[in-house]
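Common to both upcoming complexes is subunit A, partnered first by subunit B, then by subunit C.
Entry: the complex of A and B
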């Protein structure tokens, strides 16, 4: 059943899907990739962001992406507070490995339960003017409910890449991952840099939540579906590399879409994760991971 | 669930009875299901029904729960040109598949089947007219013939009054009457036995026909419902998006099967889009 129409549409949807995956993973590439914090609650923060967008959209008709951007500073502050607790209680005492993981597990359940208390367990959706439209170019369809999240995911990824490579704080974030002792010797407090970096990673959840609720309906525990995927993308891209995360997300999206179209959807996770294993076998640091980084 | 004595097969029996009333008679069918227990069982039962009727199967695949976009699946199905598409999905997948079929379109004349979630208020409200033409299972819909169930209207009126404050589905058609009926069955059995004796209660439930808000309930030897009562409904006449109240009125989810409850006749999927 191969046809050019199927192929070209599979590629286009794969790229758009990749953008969606990038939006979900980009914050984790900072917290897990750069800071070594196994924030298992990352998808739960995204769902929290999605519900905030849902509330403002359903009550006041405000665009979810606009709400995601407006709330990102609030999420940033939330991230600062969470990291301070994590740092004081676990990282400072060297107990972050298991207890820290348990802390984020706990946080995930607390967020889910709070959301259940406020919104129940029903699925919720948002309405935005663009979600029902699609652009058609010959045989190619571009659904706006995927295209708009793709555009904002790209902007977020490019913005973060610029921030981490061109600004003092961004470079300091990279330095924390490479050699925090050297950073300390230069008079910079690594904990302060990590606090800000973690705040940024949580701030991305607000925007990612807005993009998620445009693509799928949400309920408090729906984030769990994406835990494996977002961690796999960050590892595949190379820990700490935002560009790598973007490339890995695109690859995963493309593989999923092509396999789904031509071989059946049940094969897509196996092939996608098979590709992850293959890449890591030949390049253990991931696609754009640093040579010598053995964390992957 | 009121599926019948052989739940996997009986669950979709009414759906197949309905689509085979389309003129001309469908000859082929595509299947797609979430890769999870309920959906897979449902699909296997539907495949058995399709084989019994003699439909040619053009596509039969599963997808992983959490798939964000379903347009590649719908395109792949369309490439096999089926007359019918049977979907066994969970809420997230149901929404994604409905959106995908709205964007990509299909020439299939019957679409739906076992799509969980389309009955939820939040999803009905969000999808609105995109639901038109879908032929799906249901348990209770606000159609006049459903008033055959004694006390259900009063129950739903009481439920809908408190539902918003309890953060549960505001309409409650899908599950509230059945949940209430389950407890009626259990309550009647405990009262009749007179003590909490599991074996005695089970024996009583097996042997008794109960009167509930969903009518008479009798269980078969294997513990399933002696007679299936899953509805097949077709979404018709949905005009507005983001309007929950339209779903409280009759004529929106017309009952196609079982015949005792029918309030409409099946129309081709594309005729209602």
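Entry: the complex of A and C
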């Protein structure tokens, strides 16, 4: 059963999968990690993005990643609107813990059912020049269906990491996370910064969706499966740390790929959530997290 | 005086639900009625933790599904009766609820919400990979012929308490719903309920005033989970077939959460109203349009209510009364 060849391939696929997971969860590490907005509909937005890419790909043959980038400003504006509602209705009144959570949960189902009404529950996939291509190095196979998304995921993760640690606005985002009261005292409105930051987090969903639809065939409710992965990665990465998120994503991708290879794919959904339960129970601050973040 | 009237109504409803099984012929009413009552019990159970203590549970379907599958396990092992199955289902789900709560309730509420979601997927995966209870393919449940309790025939063509299993299950679910209502009302008026309300409004303040918050949260979680388990325990009989996808469906979770938030979370009347109105609407929509639309109905109602009417139906009614008087 065990073979070295299988192991090497599982590790390669795991790394590619990890990069892809990083793309899915990097937006959530901003919204949940930094802004403390529990956007449980994050994967649903990714699926929405994926279906937009699918439509343009199947009708006009446009490259899905290009489509994802073109549509990200639209998602950005979408994010601004959602945050305004969230802020006015829940954050201002202190109701985010119960009603805010329910709001995103409801949003998730609305997106899902609307997609079902338009596309049905069949699995859909995209075609591009590179999707059927495969590079072989000795015993190692690298499918481009996973490699191309991996490259773009890395670009996005590194770009966001640079943005949030080097630019003025990125540092302002970190400041909101650390002490929004102090920010207010300095005459800056945290809500304004949070609005734009949430817009960015939703904008990443458009690109992540494009990558998703390249990696696997999609159907409207497939987003449910990714809630576990993205939240596990963000918590494991230590809430709001982009580099932590990247490490956690790689780790989860590797473990999942190894489990799928050696125990069978029916066990893989439990990996992310099992990891999440263990992390929450024993080290809720994550790998790179600060102490004392988990009690409100 | 109010107490007496409440228990009188509960007693009358209990009798009516039995009478209905002997006088109503159309089996569809029992089928639909059971579905609505199941929503109601799940909503009431969710509200014990969500409404009274303010902790969001996304994993209602986990406790429901575990209840359903523990019923299957005892059926496989001992050929157990429906009654035993329900008890075992309630105990097992309650224990799992206690365990989950013990691990995560010391963290912020958000983490509890995510952990319950995690529990849902982990337990579904375990069941999918466990062939003894049918695995991914599911299992059939054949109701026993002519079951009896202490010599009295319970289900049979003639001379029995119920004409068929649908009627028995309807009556059973009615009884469970009424008992749950009594429990919820009791909690609201008790020291326990006031403790939960205190920790919902400000956990640190409550803790420093001597409210044993963790203990109260754990009791609430276990109670809520075990009621969900009991509801799940009857589910295999209702469907006569069970598979992991239907037992651990996220739809169950969203319904359990939406009904109280739409009805109003402060009192037991909220989840009851929410489940009656939305559950009936769902039945109508399922019959007239399609069953995927009824999720859209729930989603739209949920989002609209949390944005525009945070008090739910109850809040709206109160506002209307104040304006009128």
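Heads up, the rule we're going with is that the second predicted complex is superposed on the first by the 266 of 296 C-alpha atoms of A that agree within 3 Å, B and C clash if a C-alpha of one lies under 4 Å from a C-alpha of the other, contacts with A are read in each partner's own complex, and residues count from 1 in each chain.
Basically, contacts are C-beta pairs under 8 Å (C-beta built on N, C-alpha and C of every residue); 3 or more make two chains touch, one makes a residue touch a chain.
Please read all numbers here as calculations on a predicted model, not as lab measurements.
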item: First (subunit B), second (subunit C), both or neither touched by A:98; value: second
item: Which superposed partner A:257 touches (first subunit B, second subunit C, both, neither); value: first
item: Partner chain(s) touched by A:269 [first = subunit B, second = subunit C, both, neither]; value: both
item: First (subunit B), second (subunit C), both or neither touched by A:17; value: first
item: Subunit B versus subunit C as contact partner of A:139, first or second or both or neither; value: neither
item: Partner chain(s) touched by A:217 [first = subunit B, second = subunit C, both, neither]; value: first
item: Touching partner for A:3 - first (subunit B), second (subunit C), both, neither; value: first
item: Which of subunit B and subunit C A:277 touches, first, second, both or neither; value: second
item: First (subunit B), second (subunit C), both or neither touched by A:158; value: neither
item: Contact residues of subunit A, present in both the subunit B and the subunit C interface; value: 116-117, 225, 266, 269
item: Touching residues (chain side subunit B, partner subunit A) in the complex; value: 32, 35, 61-69, 71-73, 75-76, 79-80, 91-92, 95-96, 99, 102-104, 117, 120-123, 125-127, 166-169, 241-242
item: Touch list for subunit C against partner subunit A, complex; value: 50, 54, 56, 58, 103-104, 106-111, 113-115, 117-119, 121-122, 124-126, 128-129, 136, 250, 254, 257-258, 261, 265, 292-293, 295-296, 298-300, 302-303, 306-307, 310
item: In the complex, subunit A residues that touch subunit B; value: 1, 3, 5-6, 9-10, 13, 16-17, 20, 116-120, 122-127, 132, 134, 141, 143, 145-146, 215-217, 219, 222, 225-226, 229, 257, 260-262, 264-266, 268-269
item: List of subunit A residues in touch with subunit C within their complex; value: 38, 40, 85, 89-90, 93, 95, 97-103, 105-110, 112-114, 116-117, 224-225, 227-228, 231-232, 235, 266-267, 269-270, 272-274, 276-277, 280-281, 284, 294-296
